[in-house]
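In the two complexes that follow, chain A is the common piece, with chain B as its partner first and chain C second.
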Partner chain A sequence: MRLGSYLLWAAVATAVGILVLLGYFVQLDAIPAEGWLQSIFQLRLLLMRWAVLLAGVALFVGLINLLAVHWSKVSEQARGWGYSAVFLLAFLATLILGLIFGPDSAAVLLFFNYIQMPVETTLSALLAITLALAGFRLLARRPDLISAIFIGTAFLVLLGSGPGLIPSGGMLDSFFGGLRNWLAQVSAAGGARGILLGVALGSIMTGLRVLLALDRPYGDE
Partner chain B sequence: MPEVRCPMCSAPNPETADVCGECGARLKPLVAGGDLGLPHEEAGAPGPPPGVEDGEEDWLARIRSQALTSGGEEPTEEESGESPAPDWLGRLREADSGYEEGPPEGVLPEWMDEFIAAGDESEAAAAEDEGLEQAEQVPEWLARIRAKQAMQKAAIPEEEDWLERLRHEGEAEIPAAEEPPSEIEAMPPSEALEEPLPEPEAEEAVQEGLAAEAEPETLPAESPFFAEDLDALTEEMPLPEVQEEGPEAPPLAPEDLEGEALPHVPALVPEDQSEVPLVEIGESDLEGVELPDWLEDLRAEIPVSAEEPEEEVESPDLAPATLPSWLEAMRPTDAFRPEIEIEREEEQPVESAGPLAGLRGVLMAEPVVAKPRMATAAAAQLEVTERQYAQAELLQRLVDYEQQEMAPSEGPAMRIPFVRWAISLVMLVAVLIPFSFERMGMRGYPLPASISPDLAPLIQRIGDQPVDRPALVVFDYTPGYTGELSSVAGAVVGQLTQRGYPIATLSTRPTGPPLAERMFAEAAAAGAQVSHLGYLAGGPTAVQLFSIAPRDAVLSGFHLPREGEEKDPWAIEGLRQVQRLSDFGLVVVITAGTETARTWAEQTHPWIGDTPLIMVLSAGAEPLVRPYFEAADRRVDGILTGLPSAVSYRQLSGQPQLAASQWNAFGTGMLAAQLILLAGGAYGFISWLIRRAQG
Partner chain C sequence: MMGLDFLGLTVLALMIILLVIYLAMGKRQAPIFREIPAFEALKGAIERAVEAGERVHFSLGTGSVIGTDVAPALAGLATLAEIARVTSLSDRPAVVTTGDGAMAILAQDTLRSAYTQAGALDRYRPIAARMLGPTPFSYVASLPTLLSSEDVSVHILLGAFGAEGALAADFGERQNCFVMAGTDDVQSQALLYATAAHPLIGEEIFAGGAYLRRDRAHLASLRVQDAMRLILILGILLEALLGLLGVDL
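After this line comes the complex of A and B, so read on.
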């Protein structure tokens, strides 16, 4: 029984994975309007719609879980339950307004434009101040070579990224501009490519393991 | 029907019944000499044995009635008929029918008469010798009885020997093993052990022995035992049928009858008193035995002149109620002694349950069995090893540690975060000062003169695309990046609206549609054709699905125009021809995250065709997206990053420039950050030098 279910789920997962993967190698223009190839293409679209639907349900389940967590904190009077109470009130208010007037109504946009967006923007501004403070303290607290390189690189990028100590239009501006592009597009891009290659290799390996049923994230052992 | 109440359980029984139907106790006491050396069943037989004439019943009934009357018990009516004896009694009779305890009825040899008449030991011995001489005349049944008696007498000394030895050894030390002595195993079983009497009958046998001991000596005139009755007993006592087979026995004298009772209690025969009756119960023993009232009265009338019983009581060979020390040590005392206290029988309660219901003086089964008792000390002790003991101690310490109250920790010292407040103040002043440059008559920062080499191709690509196909603008960033990305993306969006592209917006984040609506609000108000497709849920799969079949991925829009009741976003004029992603004239992705940028670059590539994919990125996402732009097979056709590039884009594309205050604020902010880094580096370096100098 266990072997039978294992084979069934593995076969389904492998077949679906191969079917979706083959879609990357087939040009849409090469698929005829009718025939078995078109049927396979439509089946692939159906599977993708199911995946999108499941993703939407997952988001809904996540919202319910978030609501339950904060509700339990409020009901148990746990530490910081006041914040959870505020969250619940905002959640319910937004939900009710969205269900009644729609997500693109003026009331919901009012909430977004005058509450959510200023709050998040303020947090980003605080991030700039926090980074400046961390840079100021870094060498005082960790006076080593890595900290010196980090502070030096940041200072050079700032010099080449805009006006500041060096005014625009001068030779220094061109020099530090070029230096900043080199740091961002050569050294940083080289590291980013390495990261992307690693991510790509990991994705390929994970995909192959799922296709070969070596990894079974669908539940069966 | 007349009834007789049982003296033990008070249960009513028919008058004709000899034993109680409830408890089996004998209802009709045996009279003195009742045993008469006859078998057990004959002594307790309720009716006359077969073959007995009616005249024989009269003397027995008279004795019984007189005994009951003198004893003060309730007089019973005359028997109207014979009631059948219990089954178990009948079985006992059948089992004992072959028991040979004496000669058959009426068969007593002449030498037996002489033996009875002799009455002393010498004469008995002489008679025995004569009997031996007349061995040929001794019947076979008598020979077997003699052989049994001889064997029992021979066994008694051995039994006393090992008991005596055990007593002496028990006083010295307690033996380790409780195995019975070999003498017990080797000893042949006696008849008394092989054929035990039922308890009521055994008790009555003792009473019979008492009566047989007391009666022959002094019988008062009013005693129920008259001389003629005794003579009648000896002469007319009916004998069992089984014994009819033997020779005819002579009449028995009372002293002979006593000797005939010996086989019933052979274990109590003293070794050196062969001629004395085996059952020797004195006055003291009579006091401990419950006797019927008539017998109590009879005993009171007997003169106390008999000193022989006292002497016999004082010198018993067996120590009654004496246990060996090793057996005493084995007896459980802790568990039961406090629970069971022997009380006087009159004070003991009557058993109310079980087969002994109605009896007094029995062990109460329910209180002993059902009453909870404390566990013995041996059961309460645990046998643990050293390791288990150590683990238990460790667990105990852990539990104790958890119960200890932690000392309140001292909070951090209150101090003013001077550096934090100073840096915040510097940054805030640096951003706000440019708004007063014009009032103070100061010139701001000049616009950037250098142009990125990637900017001109991007501007040209967007400028060369035909405007008959809509442009898709994806807003995949959170509101926190609005300050940066709205300024950068504003340059591209301005060019799109400037050229008249039909614009469709989309977002894979729930906060994306309001941002799109906010950005295109002014353009839409100016007459630009903008359609918001709304939120696309599903992540990378949804992006791929949108690339293949946009109409299947997006079913409803966001903030669509209310005119014409158009609810289908794909019914808008600019989007009617869109069936795939490649049907869009341009795709612009505005994002601050590298993951979102990778998703759009990778998932749309197989189906985007010749449609250019433009990325408007934050400064932090540029390094990870640039490889897709600089690759030989480009997945991204253009990148726009940072405010200086946006300013240059506006300059090159001929769009109105940003406000000078925004550019100047950007410049002063960068200046403050550079100065803070320089000050921090200098502070750290000087601190390091000072610490190094101080060692």
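After this line comes the complex of A and C, so read on.
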């Protein structure tokens, strides 16, 4: 019985996957008004709408799950439970304000503009410092030729594009500007295309494994 | 008027046929692949974490299930299945985080399957897989607290990441964790190369199932990737040669 239900889910997932995938290989000037082709296209559209709807429901389930995690931390007084308490209070405050005044109201936007936006902007700024430090740490952690080339290239690109690092308009500026363009447009672009080909093949094979039910992220029992 | 993309369908059919052939061949001869240092180091790090009663944290990234960047997270789920099985009997089982609700549900399913296969379903807790935050930076902002409060010593990032992936990896390094990180985005890969001690480059992110689980389907799919790469390289070289000879395709 268990095997039967598992096979049923695998068959449904495979059939839906093939139907949606084949839509990318068929080009139509216009969707026919009637006939089997029209039915298939309508079914494909319906399935894709279901996917969007289910993703919305999944976000809600994810939020419930997040609440459960922090609630259990607070109730067990686990390490860092204070952060969880702050999260629960902020979550409830935002939810109540959103339900009463609407998601675009000034009260809810206040949370976004004065809490979420500054925190996210701070993290973006922190990223620049983190990367500069990571460059130095990389040489200490992996002192090899590849790391040296990596850091050297980053430094040359920075010289060629960073304002104020070298006097503008001079010979040095022109040299490093040209070098930066060559590095970015020739060597980096060539290497990136090679990597992208590998990533694309890996992505296709991962999709095919799921499509053929060789990988079953929806349960393997 | 209906048109079919014959080239696309042919390539897809070729990949499926090669997959079936390699799956059949895999029964008789196991393929040999090059060593990926990050996966070799990961095996030892997980063993040490289990023995020391420390936790493994697995991040599936900030991509969504219905987005175009779902493939690395799906590859991450295959790796997660093996890691969850190995750590299921540890004092502190693995914890999984993601930036998408649907991905969290898939992670819960993967954990439950792994625990069932290990005969430890009673140890499974749904909150072991959780959505940390719905935006990339809200997700990353939650990581430092999680890493310190859950006693994490192995920090694995396998999924879709943008620039925030560099911060996620750096937070792990600051906690002196073993950090392995990989994603599909080329620019983010460069950031992870600088910030993570064990980065995965290019398609290495898709090799976890083959290297850690020795799963037949994953081994066969790696062989298909290699074969298709060879065909592509030959095609590019042939086109370049024909271009030099003045033949326009």
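In the analysis below, the second predicted complex is superposed on the first by the 179 of 221 C-alpha atoms of A that agree within 3 Å, B and C clash if a C-alpha of one lies under 4 Å from a C-alpha of the other, contacts with A are read in each partner's own complex, and residues count from 1 in each chain.
Methods note: a residue touches a chain if its C-beta (ideal position, glycine included) is under 8 Å from a C-beta of that chain, and two chains touch if they have at least 3 such contacts.
The structure displayed is predicted, hence computed values, not measured ones.
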Which of chain B and chain C A:V52 touches, first, second, both or neither: both
Partner chain(s) touched by A:V86 [first = chain B, second = chain C, both, neither]: neither
Which superposed partner A:L7 touches (first chain B, second chain C, both, neither): neither
First (chain B), second (chain C), both or neither touched by A:A68: second
Partner chain(s) touched by A:L138 [first = chain B, second = chain C, both, neither]: both
First, second, both or neither for A:M205, with chain B first and chain C second: second
Chain B versus chain C as contact partner of A:Q116, first or second or both or neither: both
First (chain B), second (chain C), both or neither touched by A:I100: neither
Partner chain in contact with A:A192 - chain B first, chain C second, else both or neither: both
Overlap of the chain B and chain C footprints on chain A, listed as residue numbers: 24, 27-28, 51-52, 55, 59, 116, 120, 123-124, 135, 137-138, 141, 192, 195-196
Of chain C, residues touching chain A in the complex: 1-5, 8-9, 12, 15-16, 19, 64-66, 71-72, 74-75, 77-78, 81, 100-102, 104-106, 109-110, 112-113, 116-117, 126-127, 129-132, 134-135, 137-138, 140-141, 145, 148-149, 163-164, 166-167, 170, 173, 184, 186, 189, 191, 193-195, 197, 201-203, 205-207, 209, 217-218, 221-222, 224-225, 228-229, 232
Residues of chain A that touch chain C when the two form their complex: 24-29, 37, 51-52, 54-55, 58-63, 65-66, 68-69, 72-73, 78-80, 83, 116, 119-120, 123-124, 126-127, 130-131, 134-135, 137-138, 141, 150, 192, 194-199, 201-210, 212, 214-215, 217-221
Interfacial residue positions of chain A with respect to chain B in the complex: 23-24, 27-28, 45, 48-49, 51-52, 55-56, 59, 103-104, 109, 112-113, 116-117, 120-121, 123-125, 128-129, 132-133, 135-141, 143, 147-148, 151-152, 154-155, 158-159, 161-165, 167-169, 173-174, 177, 181, 184-185, 188-189, 191-193, 195-196
Touching residues on chain B, where the partner in the complex is chain A: 419-420, 423-424, 427, 445-450, 452, 478-484, 511, 513-515, 517-518, 532, 537-539, 541-542, 544-545, 548-549, 552-553, 558-560, 580, 598, 606-607, 619, 622-624, 626-627, 630, 642-644, 663, 666-667, 669-681, 683-685, 687-688
